[in-house]
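Chain lettering (A, B and C) follows the sequence in which the chains are written, and residue indices restart at 1 in each chain.
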Amino acid sequence: MKKFLSRINRRDALTLLVLVGIFAFFFIMLETGAASNQFKNMIIPMSYYILLAISLNLMVGVLGELSLGHAGFMSVGAYTGCFLSVMLVEKFPELPMYVYLPVAMLCGGLMAALFGVLIGIPALRVKGDYLAIVTLAFCEIIKTVIINLEFLGGAIGFDTDSIVPDRNKALTLLPYAAFAVIVSAILIMNLVRSKHGRAIMAVRDNRIAAEACGINVNFYKVAVFGIAAFFAGIAGVLYGHNDVLLKSANFDFNMSIEILVMVVLGGMGSNMLGSVIAAVVMTALPEMLRDFSDYRMLIYSVMLIVIMLFTSAPALAGIRERLSLGFIKESLQKKMAKKAEKKKAGKEEEK
Amino acid sequence: MSERKTVMSVNGTEMFSPPSNILIPTRDEGKKPVLDVRGLGIDFGGLRAVDEFTITVSPTEISGLIGPNGAGKTTVFNLLTNVYKPTRGAILLDGHPTAGKSVAQVNRMGIARTFQNIRLFDQMTVLDNVRVGMSNNIRCNFAESFLRLPGYFKAEKRSRERALELLSIFHMESEAYTLAGNLPYGAQRRLEIIRALATEPKVLLLDEPAAGMNPSETHALMESIRQIRDQFGIAIVLIEHDMNLVMGVCEGIAVLNFGKVIAKGTPDQIKNNEAVIEAYLGRQEKKEA
Amino acid sequence: MTLLIQTLIQGISLGSIYALIALGYTMVYGIAKMLNFAHGDIIMVGAYTIYSTIALAHFPGWLGVLSAVVFCGVLGVVIEFLAYKPLRGAPSLNVLITAIGVSYLLQNIALLIFEGKQKAMPLGDFDFPDLKVGNTGITVTGEVIFTITLTVVLMIALTLFINKTKMGKAMRAVSEDKDAARLMGINVNRTISVTFAIGSILAAFASLCYGMSYAYIKPTTGSMPGIKAFTAAVFGGIGSIPGAMLGGFVIGILEKLSSAYISTQFTDAIVFGVLIVMLVVRPTGLLGKKIREKV
């Protein structure tokens, strides 16, 4: 019993360890100059995709509601945060980054959360695939509206070059990215393992039973919309500061899909490790395939299909079982036990 | 067991009795009923699924709701928990009307239930299923949860201990960390009861708690139902097809047919009631005759 | 008044295209219970097939359309067999991601073969004369008349097929209850294959109409009409065939009306906004079945 308890914590602890490891690796690569340009360009995107995947997993895996609008929340965060940063830098040129960037992140996150709640309330009426289309529609609306807002750069894009003046952007932004991602991951995992997290999962597993247990289903749905949007907003601020030009058209439904692919590949549910790893792999994959130039996206799409077939085809369940970590562990343990027995037997014989 | 066979004060045995307390166990005498349902009814389209449903349940009474398939028993439970909005009638819980309240609010007011087709949180552990039931009884706000402030650990510890305590009613502590979906059928039914109890109800509605159980499991369940009543001092209303269980454990029984109460009384009265025998128990005898 | 009528006619024409695509979405959803995100890209494939047969191989126009219809139909069946059939019984979200993978795959294959530059659709054979309605000043272009006529014919054919043929009955049975249909001796796998074939064939016709109104195609051509048609299917109530037709027309008309009277830039926002309002009022679409969860 106690064993299991520590295992729950161990799962989150492992996720955290992996996250710290990833960022430590990034630091070392950048500091020692071992990072190629290609790798340098991947570091910040990997960070915000991790955060996006975790926050979407909270929505899809923990609450069980399919959202195709995550890019929309991200863009709200990106524009709010970057607009604020640009203003602050313009008004107070001396202001150090460690003041305005966290402020931008917080405000970007809060604005995105506000949108999350605003979208979450009408979305309560619809379920499943209909909810997916409602979130997609909201995302498209946000995109269209931003394109038509002149003070946010309109169709040309919003110039964010001034806010991160450093040439070596990855290294400048990395501490903020690491802090934001790790702290956000801790907060989300804490939530999932609490009374509120259990209530959210109860809504996912059986809405009617959850209501019968006195859980305010609507409250938790809207709350998760807000919370997931908050963290997507922070990721958006990171995205905006990493880029030199924010283009609203980039936050389309394909981006939402990209994030969803990470969540599904990583395995939906209360364990966030899968999302983290999938985010890293899926961000790196297209870059790694760059050598194949023209065939890059072709290979990516074929891999995506093959991975999905392999991980979820019911006919392949047996093979997956054999390859799963638990199975390997078990068989190893069995082998060890056998060995130990043999040894024991041998010793007894010696005696 | 024999000492639990409380003497009933039977004031009247008329069938379509007005909201009178025909079946108050002596220990509840002089106490206000915990559940007072008057003229409850619902129509689905043109069909009167439940009509003129009137019962009173005293604070520690175990009562049964029986009737042939499709009589509207589960619909009554859905009405009592506000899953369906009644077309007519009123429900008073401890004197407070439940009209206009959400399902969750009704639960918080003190009505908990189990489901005929088991509804557990399959992907969560047995322990967490019970803790979900305790959601409204453990204080732990969002800040404490996000930041793991001391309040979080206190709440987690308390809820874990309390959940294990509740699980011990059915000796399920050893299953605490199994996924609920992986439990055998009987254990799932028992877990549903525990989860409902965790919400600290005044009235517990059990929808076919013995369905799919073997005779010895059913017998154990009977004992547990009494134990729960004694230990928690709550009223229990159960829908059940297993007559041994109903007759063995219920102090008062209402019989439902085509959405209407056709008889009310003690188990003995129900056994010998003509209308009941005709509508329900006697069907087979008639065929044989 | 002239403008309004012109706009409405254009809207019906655009709506026809959406409806043809939406039918594919809705039929597949009804029968295989999956969102086939790659469906939009079938239009693109159809358009490139027409382009190849007419512009590259110099065949006559009708042969181009025929080859697109055949190719798309076969492609739909092949995709279902390779990518979706192994996943039957898997969580719907995983199937959705696979469909997205297929969508990327089709786009990238097209990108490799035809490159990113847009190509002009060689539809000279389909140049129909415009129709001037008396002296009202209303002109209906040839492609609009063709599109609407073709769509109406196809819809009647589809309705007849579904209501009158044995296969149509099997399709309705499978969409109602797959297991029960199987117990009644219906070949579920074949029914699903046929559904994909029909959906893809309709998409091939849609690609012809699309090519006539937009003249140019590129590998991502199918994406936006795909999403709009998907929206139309949801608007009408996904799974419902009349719903998809109605939804297609409504979305098409709405789009043309809002770009003519309100703002071209905000057209998409308005269309999606109306969709959201609609779904909030009627959570399962215009003609969708209301699902009551049994407690």
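Just so it is clear, contacts are C-beta pairs under 8 Å (C-beta built on N, C-alpha and C of every residue); 3 or more make two chains touch, one makes a residue touch a chain.
Just so it is clear, the structure is predicted and the values come from calculations on it, not from any experiment.
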List every chain that touches both subunit B and subunit C. A
Quick one: which chain's Cα centre is the longest way from subunit B's? C
For subunit B and subunit C, what's the span in angstrom between their mean Cα positions? 51
Can you compute the centre-to-centre distance for subunit A and subunit C, using the mean CA position of each chain? Integer Å is fine. 33
Round to the nearest whole Å and give the separation of the Cα centres of subunit A and subunit B. 43
Per-residue multi-chain contacts in subunit A, two or more chains: 208
Multi-partner residues of subunit C (each touching 2 or more other chains): 295
In subunit B, the residues touching two or more other chains are 83, 115
Partner subunit B, residues of subunit C touching it in the complex: 294-295
Under the stated contact criterion, what part of subunit B meets subunit C in this complex? 74, 78, 83, 115, 117
The subunit C residues in contact with subunit A across the complex are 29, 35, 83, 86-91, 93-95, 97-98, 100-102, 104-105, 107-109, 111-112, 227, 230-231, 234, 238, 265-266, 268-269, 272-273, 275-276, 279-280, 283-285, 293, 295
Considering only the defined contacts, which subunit B positions touch subunit A in the complex? 81, 83, 102-105, 107-108, 112-113, 115, 119-124, 128, 131-133, 135-136, 138, 140, 142, 144-148, 152, 155-156, 159, 176-177, 195-196, 198-199
In the complex, subunit A residues that touch subunit B: 1, 4-5, 187, 190-191, 194-199, 201-202, 204-206, 208-217, 269
